[in-house]
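Both complexes below contain subunit A, partnered by subunit B and then by subunit C.
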Partner chain A sequence: MKTGRLVYLFMPAAILMAFLYAPPAAGLGEASRIVYFHVPLAWGSVLAFAVSGILSIRYLFGSNGSEAMLDMKAHHSAGIGLTFTVLAIISGSIWAKMSWGSYWNWDPRETSIVILLLIYISYFALYGVMSDNGNRGRISSVYLILVMVVVPFFIFVVPRVYPSLHPDPIINAEKKMNMDMKMRMTLLVSAVSFTLLYVYFMGMRNRLMGIEKKIDEKIENRREI
Partner chain B sequence: MNKLSMAMAFCLLLAGSIVPRGNPSPDGNIAAIAPQYSLVYAGEKDIPIAGDSSKKDDVDDVKNGVDGGMENGGNGGMENGGDGVLYRVMAIVLVIWMGLALYLFRMDRKIVKLEKDLNER
Partner chain C sequence: MISDVLRQLKKDFLVEFRSRAAVNTALAFAGIITLSISLAAGGTPFSTLVQAVFLWIILFFSAMNGLLHIFTREEEEQTSLFLSLNVPAEAVYLAKLVFNIAFFLVIEMVTCPLFIFFLQVTVKDIILFVMTVLSGGLALASAVTMLAAMTARAGGKGSLFTVISFPVVLPVIWVSIGATVESLQGSSGDAWNSVVFLLAFSGAVTAISFLLFRYVWYDE
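This part shows the complex of A and B:
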């Protein structure tokens, strides 16, 4: 929770570094600065989806009593991941317009992110319609685990198999980072900032959930009295 | 939430069917028409510093409606941050962040207060 508050320091630093410290990229010019928001947003969404999958595994297979409410936490993480994904798509579309002349090109990476988005929208639809079902936690957790298995395929495999408008991945087949040192530093600070933002959001949502639970317990206790 | 999800899915499908595919390639190989670039510093000679308005062609392209100002190999008028565009964009991003940060900070304080109240009762 306290770690998340570091976002108040890191995010302004990342913004200032993106515009003032990092140099423009060859061929892309100043428009390349979107990379310091687009890539960390995509990273944040992958992180959030991975965490939701891990929490779901713990919910299904945990046996020491600590698994209570983990399905809710997984739900929160998936929600933040979905928000980050939508923002990554918006920032990517703006960049695509500037670089390729069109907001949407059905590039393999763009197509796979839309499929991923649809998969997670389906999860929220599934979660929403099962509000009265006692097995909601288990069913939604199974869904999130299955999705977690599929996510790497869409994010890391498909864009590398088919020809893409996107540049080589930052860490490519040569295992070499084709990036200027200042750019690398800025991207790192930005990635840390968005990770902290995710941690902060997640912490707040979980704390709100804890408050709700406590209020419910107090109401129950009063009824019993 | 499920209604919202369905609405989002519908909007996505609609957008997918409406948005035209950019840069069509005759043989369908999109890699062939991809611009050649990498995230490597262009060098001082190629990219003038922000605020330098000596390179106006891209800005003019945008004003004249030429496809994103890309026709001259530029970047939609942002090549040199002409007329301080770069600083304006940075200021807007900072203002958005400050608004979000203020909202988050206030919400955090309210949660802390709620937690304290609940623990005291």
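This part shows the complex of A and C:
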């Protein structure tokens, strides 16, 4: 619950800083404030997918993966990541309309995030098909690990090989942040807020899973009596 | 393990050679689609981008059923249990991977000449074109072999295979289309980056699939 308190502290701070503290970007005006939500959402989605991949590795290679229900936790993380991806696409499209004149331009970075979205929709399709399959945990975990290897190819490699409409990434070839100090601080606070929000959601989903499991066990015990 | 792989490979080629069902269907599909596009266009030349898009869409969808067939056949004929008891999972994976690469190569060898002949395509950089087609095919076959195993073990059919494969291979198709356009228009230094990307993708996916295949192949 400590994470919950931090979310309630950091998220309002991030919103206030985005609208009141950070100056508007030169050339982009007030519309640039969407960056404080778009970039952290995209970061949150990549983080969630990385966590789902790591949990899947622990599920397959760890000694007590099945007892800890790590496959289910990986599933929850992918679900939260999918939500973040959808929100990153929506916020990105609004920003694209304001900056480039159209909601969608098939820019390499836009294409990458759509492919990421499709990959995780496919994961949920695969997971759904195996509702009665005893190997669901293993097969879905293998899929998450496989895509964790594939995703860097188009999230990090393709946008650097092909010309993009997007500005230079924050971590770029020169290893310099081309941003005003106030903007940098706001972006950092927002990224921390969304990371905490992800941790909070993840904790809630896992607690809910634990409660459901206990209820199922009680029902089973009563049936046996 | 090499002898296991070779034995499996021999068996897969023999079984496929007896019926030739998968390869015949894939080649017929590729031929029909190429002819249909040419007929519909009525001799009107397409831009190089449209030509490249057609080539990779034809290759991808022609090969999809055949690439899945190699694993669904084991499930349908109930030989997967026998295989899992007698042959190491890694040997099964390598044999199926080599078969799928060879299968894709056959599809490419038939489809590309048809495509060049019927769609009035002029290839300006032949070496780049051949390398793009080969490396793109290698990347596609490497990625979908593992996904075909997962689909077969999940009890899914062709539609599930397409759904889970398409997003994973979309970057490969995307990069391959870009490099094919360059090869049709004339050589470009950047296009060789795409060939490197495709080879790197194949290597990474094959390595991770090799390590993880046993978790898909054996029952929990």
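Heads up, the rule we're going with is that the second predicted complex is superposed on the first by the 218 of 225 C-alpha atoms of A that agree within 3 Å, B and C clash if a C-alpha of one lies under 4 Å from a C-alpha of the other, contacts with A are read in each partner's own complex, and residues count from 1 in each chain.
Everything that follows uses one rule, which is that a contact is a pair of C-beta atoms (placed from the backbone, for glycine too) under 8 Å apart; a residue touches a chain by one contact, two chains touch by 3 or more.
Since we're looking at a predicted model, the values are computed, not measured.
Touch criterion met: A:Val129 reaches subunit B and subunit C at once.
In the superposition on chain A, A:Leu9 makes contact with neither subunit B nor subunit C. Set side by side, subunit B and subunit C differ in how many residues of subunit A they touch, and the one touching more is B. By the touch criterion defined above, A:Leu60 reaches subunit C but does not reach subunit B.
In the superposed model, A:Val142 lies in contact with subunit C only, and not with subunit B. When the two structures are aligned on the shared chain, A:Ile119 is found in touch with subunit C, with no touch to subunit B. In the superposition on chain A, contact is made by A:Phe153 with subunit C only, not with subunit B. Using the contact criterion defined above for the overlaid structures, shared-chain residue A:Tyr103 touches subunit B, although it does not reach subunit C. Once the two complexes are overlaid on chain A, the subunit A residues touched by subunit B in the first and by subunit C in the second are 118, 121-122, 125, 129.
On the side of subunit B, the complex with subunit A involves touching residues 1-6, 8-9, 12, 15-16, 19-23, 29-43, 46-47, 50, 67-68, 70, 74-76, 78-81, 85-87, 89-90, 93-94, 97, 101, 104-105, 107-108, 111, 114-115, 118, 121.
Only residues 5, 8, 11-12, 15-16, 19-20, 23-32, 35, 96-107, 114, 117-118, 121-122, 124-125, 127-129, 163-165, 167-168, 170, 178-180, 182-183, 200, 204, 207-208, 210-211, 214-215, 218 of subunit A touch subunit B when the two sit together in their complex.
For subunit C in complex with subunit A, the residues that touch the partner chain are 143, 146-147, 150, 153-156, 160, 163-164, 166-168, 170-171, 174-175, 178, 190, 193-194, 197, 200-201, 204-205, 208-209, 212, 215-216, 219-220.
Of all residues in subunit A, those touching subunit C in their complex are 60, 111, 115, 118-119, 121-123, 125-126, 129-130, 133-139, 141-143, 145-147, 149-150, 153-154, 157-158, 161-162.
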